[in-house]
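Look at the two complexes coming up: subunit A is in both, with subunit B in one and subunit C in the other.
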Partner chain A sequence: MKMDWRALLFWTLISALLVYMTLPAFVVIMASFNPGEVLSFPPKGFSVRWYIKAVTYPDFQIAFRNGIIVAAFASTLALVLGAAVALLVARYKFQGRGLLEAILSAPLIVPHFTTGFGFLLLGAHLDINQTYLIIIIAHVVLVLPFVTRAIHVSLQNVDPNLERAAANLGASPLKSLLRVTVPLMLPGLAGGWLMAAILSLTEFSASLYVTASRTQTLPVAMYNYIREYTDPTIAAISALLIVATTLIMIVANHFLGLRKILAIEPR
Partner chain B sequence: MQTRPLFFALLLPSIVIAAVFLFALAEILQYSFREFIPGSLDVGGFTWANFARINRPIYFYAIVDTFWIALLTSLFTLVMSYPLAYALVRTERNWLRTLLIIAAITPLFTGEIVRTYAWMLLLGTEGMINTLLKSLGIIDTSLTLMYTRLGVVIALVQFAMPVMIILLATAISHVNTDYEKAAANLGASPGRVFWRVTVPLTMPGIIAGFIVICAWTMSAFATPQLIGGGKILMISNVVYLTGFSALNFPFAATMSVVALVSAFGALAVMKAISTRIERGTALHS
Partner chain C sequence: MSNADARAVEIVNVSKSFGSAVAAHAVSLSINRGEFITFLGPSGCGKTTLLNMIAGFETQDSGEIRIEGKDVSSMPPYQRDTGMVFQTYALFPHMNVHDNVAFGLQMRKVSRKEIDSRVAKALAMVKLQGLESRRARQLSGGQQQRVALARAIVIRPKVLLLDEPLSALDRSLRTQMQVELKEVHRKTGLTTIFVTHDQGEALSLSDRIVVMNKGEIQQVSKPLDLYRHPANGFVASFVGEINALPSAQCVVSGGKVTFSFGDNVTLEGKLRHDQPLKTGDKVNLFVRPEHIGMANGADGNGPRLKGRIATHIYQGTHTVTRVRVPVLGLLELRVEGGEIIERKPVGSDIDLAVRLDEAVIIRG
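Right after this comes the complex of A and B.
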């Protein structure tokens, strides 16, 4: 049979590529149980001491809390702003719409370290460095394009006729927005908010510039640790993050349908 | 119009956040033309000197290396992501689809530091790849993967694949399979159908993916910083070094401007090329 060797070849290739993509995660998990300070492959034994160190290390505890505070504010703000931008672009025609869209999607192209450096300089000017505010502003700008896209996709599935119907029935624009459009957009809003929160929690390059030692977020604290120590504490904390992210993805896929949010549903 | 108050309520915050971003970029531009005063964070008056300094070999090579690494990464990412995106869209098995999407997308959300650290464990002299190859007897002495361009690219490709897979899968999912069936009915082999029908029809996704990954890679920082270890310098690493080791903010700003111009310049060039390619491969009806 001719198709068989093709299929075999294809699935071998797919398996190899999946190994390449997931190998780093498995290696981190393997290394995190390494008993000694020096990593060895395969590990000589099994120990959870690095997990204990990771969760009790003060720098990581503070950084984790900082990250949660920043992500909570940044993702919620980005959600509100992203919804506003998506609605503007989808429902209104006005002068400068293209320009506004271009500026707000530019953070996808502008290197993160450039954005971070810019906010560091701006923060110095406004004297708000060393505060959460500058980190939150930077994160909002960075995650906004992703949120806007997620909401925009879900907005396309909302029939504008429903809004017109609500208006005909006497609803004010605000009421029809809150009672018709927003409820229909809920999956997109939830997906966008989740994406924003995760991206904010894991953002590194820009955060390195805008965080101070007191306000540093987890990735920055991890980077500083990697530069000073080589023990597997980072492996333990990375393993926790990988497992947490994977679980969130599985749950999100189940409830929200990642393929729908990412617009890769086949016709 | 009745909808005006709502319109302004939506417009105002959008303009504010756009303005804040522009102010941050304007700060960089402003600093890039300022004189550096050694030992001080204050800056002097207007000068062109920062831009003249780019000519020095170390900075010039960092710029060239940035482009080179971005191109290599985009190319490998494209070639390796296409099969996965294809399988993701076309498989009929539910469990496989779930497995593929979780495995393909999750790395996007674990963050730059976690991924880079994982690759440090893999690529090191005593890392997993070397240990494995040695115990299998394939090599005798360790391969040097850390602190090399190859090592940086290997890590960056894995880092870039989720985004490429999303973009390619979107493109592949929009291909009308009737075209493929028609080609097969007319006697084309599966390989020919793929290369002559599927690939041309997904060309917009391929080009978009290539461009996005190129821009994305040009802004990579943690990976070249930790895996390049100072031996591989991209623009991002130069900015960090001059900004935080030498505290030369003006020159760091200048290199940031270079990065910004490079990213948008590369984008414009690729857009121009892509318009030509798309014209060449579009199926005319």
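Right after this comes the complex of A and C.
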């Protein structure tokens, strides 16, 4: 089979890129099976003891629960806000629309630790720094641009004539929203929610500032662990996190189609 | 308040502009219950805007719109009880055919049993019985069209609004749908407003036609009257094929009128009683292609023109022939069959007989 040298070069580059991107994950997963107490690569055997330790380690258990709580609230809140804004921007023309869009995109430009630090100061002022609330607020702000973008794209695929048809047939604006617009936005909404959840679960830089020892999320707990211990537990918990997020993405792609949700391809 | 005498729709002095573009200018119109009326005109004439204002998707800048006697100007679309068929059908993709058609009834809180029965009847009327569980994407364009129609008629609206519903269909399907649409109108008796730019469609379907141009109503007439007696040059040219002759001077004497086009080209005929022309009047004549033919001895000394054959367009049942006539330019005539192609090939001279009594004469 003759292969064009350009095609060969293309596939070599792509493969190299993929290897480069997945190598850290690959190394971590392999290191997690090392039976010895020192983090090393390549592993000198095969053992799942570190997985058992990771799953039973109290700090990780609490952090995991915290992460789930924060992610659930932050994603849902971001979804509702993002959907409201996306609907507003898509269906109505108003002054300051461009400004609103710019403000919403701002978190993308500002570094996470800056946002985190800002919320730390704010949280101190409002005396909510020991609570889930400040973490949830910070995560909502950080995640909102992605959610709004995903919903905006899915909304563009909803023919505005459909809403006119619903109104013509007797549906009030609320009924039209619930019976027509939202059902058609559902893939976008679900994808947006999942993306927000993953971003929240894995968020580190801002969370480092706004979490306290009781409320720390998993990435923060992992960071604290590795400052003190260098055993493969950290590799195990990392591997679990990698596998979990990968599975979520695979499931989301199968049922919803990530191309649409991530705004790579309009329908 | 609605009373039995009230017209189905009354448009009173309605105006609407989009910035500097005038979509409607002091438009007034009364539409009778149960009639099939068509808004006809070229793109941008304001016909769709007028339809949208009746439906409530646009609000007029000034004037009133009444549906069955009630002023609806401040009512949102969902309270007006109109049924609309969109050009793009706008079927709900996440619902099957049954639920699409049932939607309007559900909004009106009709009982489940009655919904099912009425949906079945509506689908039967558009000849789609049995397709209740299909989705829109599984249907052909023509079938989607029918579902959209069923969805609009099942709610028994005060007015049925159709926004160029047949323009996306191919020729044969279009003709078929026109026939079925007329049937549906006959069976339901719904007041129907049909918007189109296709004058043939308007002529075949309507009880009355409203011809519009640049936001103004040009003429409101029954199809036959519209074709025979267009009110102005625009309507004459827009509805059906017609030859617009250059302006002519009249000379009237002894019950006859002679139209002079210059350079000794004239047409002479009897002065019609309904046409008060005087010598010196300047007029524009419009003659339909079917009213010009090959002159033969049989029609005596009727109005004649001399010209040369430029093209023959054979259409099977008839031939459209273009003849170059001095001063008047290229005239189009429509002759039965294809004999003319053999008898008068391209380039040959021809004597034309003009049915002046059928001509449209507009002062100008």
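FYI, the second predicted complex is superposed on the first by the 261 of 267 C-alpha atoms of A that agree within 3 Å, B and C clash if a C-alpha of one lies under 4 Å from a C-alpha of the other, contacts with A are read in each partner's own complex, and residues count from 1 in each chain.
Note that in this section contacts are C-beta pairs under 8 Å (C-beta built on N, C-alpha and C of every residue); 3 or more make two chains touch, one makes a residue touch a chain.
Because the structure is predicted, anything quoted here is derived from the model rather than measured.
When both complexes are overlaid on subunit A, subunit B and subunit C end up sitting side by side without clashing. Set against each other, subunit B and subunit C touch different numbers of residues in subunit A, with B touching more.
Looking at the shared chain after the overlay, A:L39 reaches subunit B, while subunit C stays out of its contact range. Angle at subunit A (Cα centre) between the Cα centres of subunit B and subunit C in the superposed arrangement: 100°, in steps of 10. After overlaying the two complexes on the shared chain, residue contacts for A:T131 are found with neither subunit B nor subunit C.
Of the two partner chains, neither subunit B nor subunit C is touched by A:Q61.
Once the two complexes are laid over each other on the shared chain, residue contacts for A:P183 go to subunit C alone; subunit B is not touched. Of the two partner chains, subunit C is the only one touched by A:R164; subunit B is not. Contact with subunit B, but none with subunit C, is seen for A:F204 once the two complexes are overlaid on the shared chain.
By the touch criterion defined above, A:T76 reaches neither subunit B nor subunit C.
Superposition on the common chain places the nearest Cα atoms of subunit B and subunit C 6 Å from each other.
Shared interface residues of subunit A, touching subunit B in one complex and subunit C in the other, are 172-173. Residue ranges of subunit B in contact with subunit A, taken from their complex: 2-3, 5-7, 9-11, 13-15, 17-18, 20-25, 27-28, 31, 80, 83-84, 87-90, 97-98, 100-107, 109-115, 117-122, 126-128, 131-132, 158, 161, 166, 169-170, 173-174, 176, 190, 212, 215, 218-219, 221-222, 226, 235-236, 239-240, 243, 249, 252-253, 256, 259-260, 263-264, 267. Those residues of subunit C that touch subunit A in the complex are listed here as 55-57, 76-79, 81-84, 86, 88, 90, 92-94, 103-104, 107-108, 151, 155. Interface residues of subunit A, counted against subunit B in their complex, comprise 3, 6, 10, 13-14, 17-18, 20-25, 27-28, 31, 39-41, 80-81, 84-85, 87-88, 92, 94, 100, 103-104, 106-115, 117-119, 121-122, 125, 137-138, 140-141, 144, 172-174, 177, 195, 198-199, 201-205, 208-209, 219, 222-223, 226, 234-235, 238, 241-242, 245-246, 248-250, 253, 258-259, 262-267.
Put simply, subunit A touches subunit C in their complex at residues 159, 161-162, 164-173, 175-176, 179-180, 183-184.
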